[in-house]
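Look at the two complexes coming up: chain A is in both, with chain B in one and chain C in the other.
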Partner chain A sequence: MQKTLKKYFLVFTLPTLAAFAFAFIIPFVQGLYLSFCEFTTVDNATFVGFDNYIKAFGSGQGFLYSLGFTAAFTVVCVITINLIAFTIALLLTRKIKGTNIFRTVFFLPNLIGGIVLGYTWQQMINAVLYKYGTTIVSNPKYGFIGLVLLMNWQMVGYMMIIYIAGLQNVPTDLIEAARIDGATSWQTLIKVKIPMVMSSITICMFLTLSNSFKLFDQNKALTNGAPMDKTRMLALNIYDTFYSKTGYEGVGQAKAVVFFIIVALIALLQLSATRSKEVEQ
Partner chain B sequence: MLQNYKYDIAKSVKECYYEIVIGNVTENDSETIPKLTRGKQKEKRGMVMKKKLLSTLLCVSMVSAMLVGCGSEASSDSTETKETTAAESTADDTTTAETTADDTASAEGGKVYYLNFKPEVDEAWQEIAAAYTAETGVEVKVVTAASGTYEEVLKSEIAGSDAPTLFQINGPIGYQTWKDYCMDLTDTDLYANLSDKSLAVTGDDGKAYGIPYTVEAYGIIYNDSIMQAYFAMDGAVVTSVDEINNFETLKAVVEDMQSKAADLGIDGVFASTSLMPGEDWRWQTHLANLPIYFEYQDKGVSDLDEIEFTYSENFKNIFDLYINNSTCAPGLLGSKDVSSSMAEFALGQCAMVQNGNWGWGQISGVDGNVVAEEDVKFLPIYVGVGDEANQGLCTGTENFWCVNSQASAADQQATLDFCNWLISSDAGKDYMVNTLGNAAPFSTFSDDEKPSDPLAQEMYRYMESGKTSVTWNFTSFPSQDFKDDFGAALLEYCNGNMTWDDVANTVVTRWAEEKAAIAE
Partner chain C sequence: MTKTKKTADRIIFVILLILAVIMLYPLFFILNNSLKGKFFISKDPFSLPNAETFVGIKNYITGIEKTGIISAAGWSVFITVVSVALIILFTSMTAYYISRVKSKVTTVLYYMFVFSMIVPFQMVMFTMSSLADKFGLKNPIGMCILYLGFGAGLSVFMFAGFVKSIPLEIEEAAMIDGCNPLQTYFGVVFPILKPTAITVAILNAMWIWNDFLLPYLVIGISTKYKTIPVVIQMLVGSNGNKDMGALMAMLVVSIIPIVIFYLTCQKYIIEGVVAGAVKG
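Coming up: the complex of A and B.
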């Protein structure tokens, strides 16, 4: 068996490998190269060295501001989404009537596209703010809160599903044992359930973290950075640099590379941090 | 027993999907034995289904991977042969595959690919493409970029092997971005027939690279029936539109009308000043053109690396007039878009709206439109500078055709032939004028070949009245980013978060920064 596998190793992996190379590796390497170039389209690039990277962090680019805004947004979102999702998951594993309906309803927002969601929430938030004679783009705080609301609404259902899966896998005998030992339900939660669902927490943390950090559609549709680019997140900043500045395509590309490095670093750090807390079942 | 619960997370997640999609309930945390066994059975059923699903998925991914592999081979093939065959579209390679026209200026075997800018005329272009192919046998492909995404689409399309041969730029700034792809059009019929050669976009070498295919005008569109109702009132400031020929009068009339809005049956004089991000071009581009136009005139230039924004106060005055005498409170403008402004005008809720002759389609297309065709008129935008009595509409264009300089010679020739057909053949001219509604600036068009909608008529009336048109200088605005920031500052001003001085400072500094960025 092992031998045949080795024999046909290439035959079976080649198609996938080729697809992976075409769809990911080659564009990635090309993108990396382009970040050192000045170009209008990918075909006519001229090498300029580190110029783009220097410009990317220059004043007037708003890159660092966007980074700060994105970081703040991510921290708030990761905390709120996971807390809410976990709470709902706890409630929905208690055999309440209509559990499946609730699960479905909570999960549904996740099936709606980001742009649609952004415009829908813009209308809803504006409808409320109209009463106070203002709009979502009048103050960056409103935009921030709006984005957090939207993100929670969209992501909570998905995370909830993962947490439910995790909670259902907590062995009942452990919980029973804890109960016999006289643990309160709070102690059971902290000492038994949470350590047992640590792998779910790892996944959820990773998903919320990377999704919040990379948020684009919702940001573009909800505020598009208004007012004065104060609600512009990193991805939108890169997009604006690339498309609405003349001759700044390379700088946009350089920012994208920096963006990739940041996301990869944070994700790896977070993964190793939560992984270490996981328990063997 | 414990064994049964040892799923990995991924499996369990899938199970949850089943619960939702198929309703396959597995109550794993139930405590009674019978329920557990039931759960186990369902679990088995779930496993079988999962395996089937898994194998199907694997098959699909295998097949698709193979397809991707084959597809990429095919495409690398086509890049090899591209140089000689001029055209090989992915699916419909018709008869063009065997031609070898490469260096001769023959259109034989060439084909046209036009990347259209205006979504509202996409259908018209498809019809034109079909008609041209039927007449000449030359393949014409027209693709339309979704509203506001032209630059993105062009960037990705032009890098492909089947690149657009005809595309458009918005003026000198657009030329800066696309100069590597703009072909010299000086020796073409297109340029020769251009009635005003100064309209073309020229490069540093003085040659023409972009040819305008339409002329447009904007100003303040007003509803004459509401104006007449106002003039008939007691104590009206003026009694005819002709008397409104400077900013002072305009301001007096507008403010008086606003105070009598209820009697006139309107919500406000001006339609809402749409400042939703991406919907603010009527102010940061069109209205901003006026102070810049007068500044350029004072200095006798057509472009500046740094502006003083000399007429910032004038801009503020007209802008204040718009936002304070409107259907909508200034604080709510951040939620308004252009189409809602145009709808307000069409529904008779306001008397005036600043927009261009392209706005007629929007006005007439609104359901329940109450504005009669003969009541839609233009008024110049007066800002209190220069010889206002002789000021006309803002007339110009930001639609320039460019031919892809990196396309094959056959394709280039086919494209030029296609453009020529549009401006010289009877069928082509008919499409240009009546289907596309273009006021084509070519000498091949006679006087009766002009669009007939009321705003186009008004545009011609102003052009022929001897008044001085304000040229479109916003084509020299440094970048979209500059305009966006200008618009954002205006929004902040309306929300009371920025003083006018801050807005003016933003404009001056951002202009200088963005101009410097281009010059690099």
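Coming up: the complex of A and C.
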């Protein structure tokens, strides 16, 4: 059967491969090469070695500041989102009336796009701050808190769904056995439920980690980096380097490569974490 | 049920209710303000509209005239539906081929698709949009082709994972009955792939519908092919928040289709998201 199918290579793969080449392979290779070039369009590139990378980390680029801001934001979001989502999941697996309606409501924000969400929250936060005669773009602290609130509001429902699926798979006889042995509900949670949903916890940690780290739309809409680029995350920093002023396209591309390497490292870490879990089971 | 459990459940119900109100409040906030005159929004954003501030659907009319959001919604629907259809059809065929035919080429292809999943969009955005420019892809059809290419990673990966679990015997039987590979695929394999196809469709639809940067960079802001997120961005960018009434109304308009879609296909969406998270 393999032999007959083999002759159909182009029939089965050509459309996907052609689109994949256009959208990903060629741009990726070209992008890698251009990060070592000075250019304003892809056709006028001159090779400059590691110049762009040195410039990317130079002062005035704010790349390290954005990296620090993004890292702080990511840490806060990973902790808060997972704590809140796990708590809600625990509350929703107690078979209380209305559980399904609550689940529906909590998940809803996840489906709304970042631009629309960003402006919705910008309007709401500004409405609160208006009473104190200020706006979200007047203090980077407001922007940071706003981004964390928005991210929690959007992601908690998503993580909650994964935690609920994990908690529902914990065998009831295990929980019953713990109860008969005299365990309090806190002990049951720590010693039975949490170890049994470790794989869900790993998935949620990495989903929140990579989604927070790569955030762009919400950042662009909520503060657009203001004031003075003090709330500008990595993705927006790269975007601004490309499109705000000409002559820095190479630096933008070098930043993008660094960004890609960090994201790839996070993904590899996730892969090895899930692999080691699989061995244990 | 003991008394303490009952009281505990009641307290938890109240906590959940408060959380639900918090979750829905931002949506209520924009809906509420979209019904008020634009000068009253910043003055008193938290009160309900009253006889003085209520303007009915005036903000919606201004907003629709100013932004052309109706045509943007049309293009959003067109691009999302066509892209998802292309993704389902072609990536499932590709996944089937590279899981069934074992060779160096298919192994390399598989790992390239997996690799593409971890590459952030910023890495390819500049080169991709200039390539799209060169090859005349700056139109809705071109967008669909780019989405097929950029969505291929996750979709091939998910389909390939499922194809591996289908027993070969079924396909062999079809082949013996005289089917060629295409007939075998569409007659026998594709129907079995349906649950995965629904998951892949939902994950891609959610992403494409909400995607901002790709249409913003590729199609741009000066054509008639703008999508909803691009229109919202332009409304704020162009008039610097001055007409807040229209902005509120347009935010409401862009959320309504999502809420309707969610409430009608909730079961599939939640299942799909869980399946996608576990595999991705």
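Simple rule for what comes next: the second predicted complex is superposed on the first by the 237 of 281 C-alpha atoms of A that agree within 3 Å, B and C clash if a C-alpha of one lies under 4 Å from a C-alpha of the other, contacts with A are read in each partner's own complex, and residues count from 1 in each chain.
Here is the rule we go by: a contact is a pair of C-beta atoms (placed from the backbone, for glycine too) under 8 Å apart; a residue touches a chain by one contact, two chains touch by 3 or more.
All of these numbers come straight from a predicted model, not from anything done at the bench.
Applying the stated contact rule after C-alpha superposition, one finds that A:50 touches neither chain B nor chain C.
One of chain B and chain C touches more residues of chain A, and that partner is C.
Of the two partner chains placed by the overlay, only chain C lies in contact with A:88; chain B stays clear of it. Look at A:247: by the touch rule set out above, it reaches chain B but stays clear of chain C.
Of the two partner chains, chain B is the only one touched by A:133; chain C is not.
Contact with both chain B and chain C is seen for A:16 once the two complexes are overlaid on the shared chain.
Residue contacts after overlaying the shared chain place A:104 against chain B and chain C alike. Contacts of A:238 after superposition on the shared chain: chain C is touched, whereas chain B is not.
In the superposed pair of complexes, A:161 makes contact with chain B and with chain C alike.
Contacts of A:267 after superposition: chain C is touched, whereas chain B is not reached. Residues common to the contacts of chain A with chain B and with chain C across the two structures: 15-16, 18-19, 22-23, 41-42, 103-104, 107, 126, 130, 161-162, 165, 203, 249. Of all residues in chain A, those touching chain B in their complex are 14-16, 18-19, 22-23, 40-44, 60, 93, 95, 100, 103-104, 107, 122, 126, 130, 133-139, 161-162, 164-173, 176, 199-200, 203, 223-229, 240, 243-249, 281. Against chain A, in their complex, chain C makes its touches with residues 9, 12-13, 15-16, 19-20, 23-24, 26-27, 29-30, 33, 41-42, 45-46, 86, 90-91, 93-94, 96-98, 100-103, 109, 112-113, 116, 118-128, 130-132, 135, 137, 145-150, 152-153, 156, 168, 171-172, 175, 180-182, 185, 206, 209-213, 228-229, 232-233, 236, 244, 247-248, 251, 254-255, 258-259, 261-263, 266, 269-270, 273-274, 277-278.
Those residues of chain A lying in contact with chain C across their complex are 1-2, 4-6, 8-9, 11-13, 15-28, 30-31, 34, 41-42, 88, 91-92, 94, 96-98, 101-116, 119-121, 123-124, 126-127, 130, 153, 157-158, 161-162, 165, 203, 207, 214, 216-217, 220-221, 235, 238-239, 242, 249, 252-253, 256-257, 259-260, 263-264, 267. Residues 1-2, 5-7, 9, 12-13, 15-17, 19-20, 23, 25-31, 61-62, 64-66, 68-69, 72, 151-152, 155-156, 158-159, 173, 176-178, 180-181, 275-278, 329, 331-335, 478-481, 484-485, 488-489, 491-492, 495, 497, 513-514, 517-518, 520 of chain B are the ones that touch chain A when the two sit in their complex.
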